[in-house]
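We just call them A, B, C, D, E and F in the order they show up, numbering each chain from 1.
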């Protein structure tokens, strides 16, 4: 009954290719089905000014979508002269989620910027950005460790994300665009490798939902995240 | 153990004064303790262009904070030349939440703009904006009904919002600023008058949480929302 | 013959409530009839950079209007991405007027920012902002004196403002919106408590005026300002 | 005692050269001493949208200053990405002043845009812009009359402007930069050819003034305007 | 003597993979050595408004670079709020070059937007964008022909681009970043498949060049373009 | 056969008046026929930050056009809130061209800003800006030498520019607007006084050209530049 023929709890085929750009300290191209996101992590020697003297580091993220990543062309945000509210909301989410898995004290007073650029979109771009962004971050931190610029690993745990929603009355995992555009209730679930919750965002456009539905979606999310974390492990091995 | 001396589940004193501006079709000044938000609802004869010919109406929201609503002065967004990512995220949330309680078909092809301007902030401004914004919206719709511009009531149910979080290891309801700035886990819960969920946003800054904690916060939210809905009812009676 | 039934020289009912926000160093809500302006004064430890090393302080102002302060909703300036020419003109006027009553040497190298936000507009918002802004400034300076951060009072005199114009061929004081939108000649008169002139701005939209009319308006202004200064005195007593 | 050696009521040498650009419908280069402003008037077939169907025309103005018109280079406003508050205040004043001398009904539903660009500045640029802008406007309207696009002359009277202020304790006419930067009280007086007042703006930076001083400045202004109007007449003859 | 070990006239390994995104009407990923550009062509039913009623179509281009496409991270232009002068110059060049190979009458009143986004940069990104952009354009036009939306082929000829410059005193073809950052003279040569010139841009940063050097670079460019056109032919076959 | 009646290789009447503003360190008003550009050079004590400690100076340029410099009025860029891509492209070209004639080491760590403002346009404004900009630069550098702030002359050679193109099938020099708007191929040639090439930009809008045509245009350019350099020499003598 899902447009893709998937079962309710099936996530899409996942592929994470690392080392895809020669310049970035960490990088990967993550594909969740037809959603493709290029993630790079850049290490900067300086932390933001509000952390000066604190001994703490920072992880932040920026998100973008190529104009023709979608079915009809979107106006380029650089040409429009500003990032949309949606873009800002997403990149704030990515940064907050990744920071939840980092010991900022062990990172020291430096900043890692994770750029997530959507090359092709088919739903779930923010979740793919978090899952792929963690891989880029992990690889960049590995360079810091290898260069002995930091001594203890600041990465506390995996962080991965999945969207689950109510489609045609049923709870489904990892919505693609065909489902996402129809779903009345849609949630993003960000969890750690050990299954702790980092962020839960459930919203309904012109609809409402029950606690029972919320629980069902959370169950689907936990199962999906386990597969994503396994893919992350394989990618950075 | 809460800075305000409140019990874990206590919400702050709530006051909703209606009809506070002579120009707006609906208005109220909502006070949740020391958080004061002026909410106005403006009826516009035209729906946004993407709804042209659809027969559907729209409810949207804008959010602002006076520069000295907070303990230290914030730069005026009009002077800065743009709304922050935080502002945009909040006003998108308010609009989405209010729309969940509206039958856009019964509203007809018109738009209601709900402006929420924070005169004084002490935590929970987005939740107060939703709770107060609903009152302004209700009053504006009453005018449409009284003028027989619409025949059936487009308001489906109350919509109200509360923040709950983990403060000093304990789940607490309706965080004030002193708690909010310390809480590792913080959630916004938007519910209808009948207890359906509209939006759940739980996030952790540099921390994680368990499903059990999530459940505890949701329980607190349901109890708090009941009190807020009662206050809305009294205000619009 | 005035829409409000007032006599030619009558000013509207004036109310100045102080201490209306818990965060600002000085604050008041001034009401000139249906024109309501929230004024806050913020003390900043640093003067603007062009005063560095001069020993002089600075007083500046910002002005804003809530979107639905007026009869039809105005676009939020933060959303438009810039302050209008009108807004900038008004806030420059408020700052310049307040500085005329301040000994910037006695203030020392610090800045006081006076924010004037119009909650409800019915004509004369810039004048109410100056009159109320002075009260907020006075209260903030009182805190500096009480804390012995400054030793001599930098406030030289009261500063208050009134608009007077030619309505239906007659000189009238303190125009409300109904008069202001019809008046061919309109002036803003800013005076000190001792009756000295600080700023005079008379302009005609599509009309001209004589020196005799100018004198009549100035006479009305002097009488009105005396009442405003009395209200200021009562408010800060 | 004036830096230039002028007597108190002397205005600077005035020169108005017309027809200085081949494209504009009306143009002049006005020189008030070392203040040089290029004024052009452009006729547009459409009035602004707020006048649609009203039968009324519009006159508006824009003002700019070349980056090195002044003693030290100012940042180009186009590069800064916005017009300063000062620029907007000035161009609003120019437009309002010119409209006071125009019968907008006789002009018909068209717009005339007067551009005033300061090539070299030595004080009094806004006044020179008004005086020169009127000449450009007059010449453009002459073209409309000559082409029989309008039948009755919409120009009601001359409009000219002069700044007068208190310099070294004395009232002086037509301040140059050396005086303007020192003067505590400074006014702009815009009058018609028949001596009616169009706009009076008197302000004091960190000072105040008396009604007697105001009268003295107005007397100087009337005498100066007479000379400016004579120069306008000679220029457009 | 070239850092890459290439001979003076050697161009880098070229790869053009077509059909790389599922949404765009035409697309390719072009790799000139380590310079990788994703090119998409979007067909829009409407031509720009300045062509309305002309019967002519339009081809335009936009250019962007991912923040970490380069050795150190560049600020995202969408976050900066504007496209740099360099970006605008490049995208104007791409559009102008592609239009030189198009019969806009045969295209009809529609627009094709070619987006060129640099995933990884190593010099020559604007040239790779033109060469790859032509492939995306060719594929999109093929769709129009296949759908019989147009009857005659609007593509007149291939258009390809190469940079050549003086490096270490020698003329070299297809500069990579190591060469480009050192070259005193640098040119971009855009030619058609039949060897006609479309655009020549030669510039020297802090240096000058002779006509003889110009001729040498042009000879190199002609040879290089022939190879690029062959690669285009293979890609679209 | 040229609209102006000129022979193919004729350039327009050239006039360069120096010392036209009292504030700038160097200035001229250059007229190439009806194209009039006011050029000023401003000396700034500081070099841009990227040169700090390098011992090298910088020459940069800004370009603007008065709104009514052209046949129909263009929107003022300051009002539009940004410089167009065309403006940025032109000012980058002017700066790059002028730097080619300067020994930045002899200039020392200071910056010279050349502002080129078009008062009246009739084609070839960027070329006139370069030719006139060089004169302003030369005069400003003379002041540095006269004041012994620098000891050796940083000006290496003259820099001048001319546009040549194919009009009605014939190569013509120094295109005016009537020709420029019709020409299919158009080039800008920037040369030094000794005939070295600084920059060549040839482009075709919807057309292509041959190497033989390129050679013809270059021949015309060399002849035209010789006359421009002679005019520069006369102006700064």
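In this section, a residue touches a chain if its C-beta (ideal position, glycine included) is under 8 Å from a C-beta of that chain, and two chains touch if they have at least 3 such contacts.
Here the structure is a predicted model, which means the values were calculated and not measured.
Any chain that touches chain A and also touches chain C is listed here: B. Path length between chain D and chain E in the touching-chain graph (shortest route): 2. Each step here moves to a touching chain, and the least such steps from chain B to chain D number 2.
Each chain gets a centre from the mean of its Cα atoms; for chain C and chain D, those two points are 28 Å apart. Chain B and chain C have centres, each the mean of its CA atoms, that are 33 Å apart.
Chain B and chain E have CA centres that are 50 Å apart.
Touching of two or more other chains is recorded for residues 81-83 of chain F.
Viewed as a contact network, the protein chains form a single closed ring in which every chain touches exactly two others. Round the ring, the chains follow in the order E, F, D, C, B, A when counting starts at chain E and proceeds to chain F. Chain E makes touch with chain F in their complex at residues 82-83, 85-86, 88-89, 91-92, 96, 99-100, 104, 187, 192, 196-211, 214, 218.
By the touch criterion given at the top, residues 21-24, 27, 34, 38, 40, 42, 44, 62, 64, 66-71, 73, 76-83, 87, 113, 115, 117, 119-120 of chain F touch chain D in their complex.
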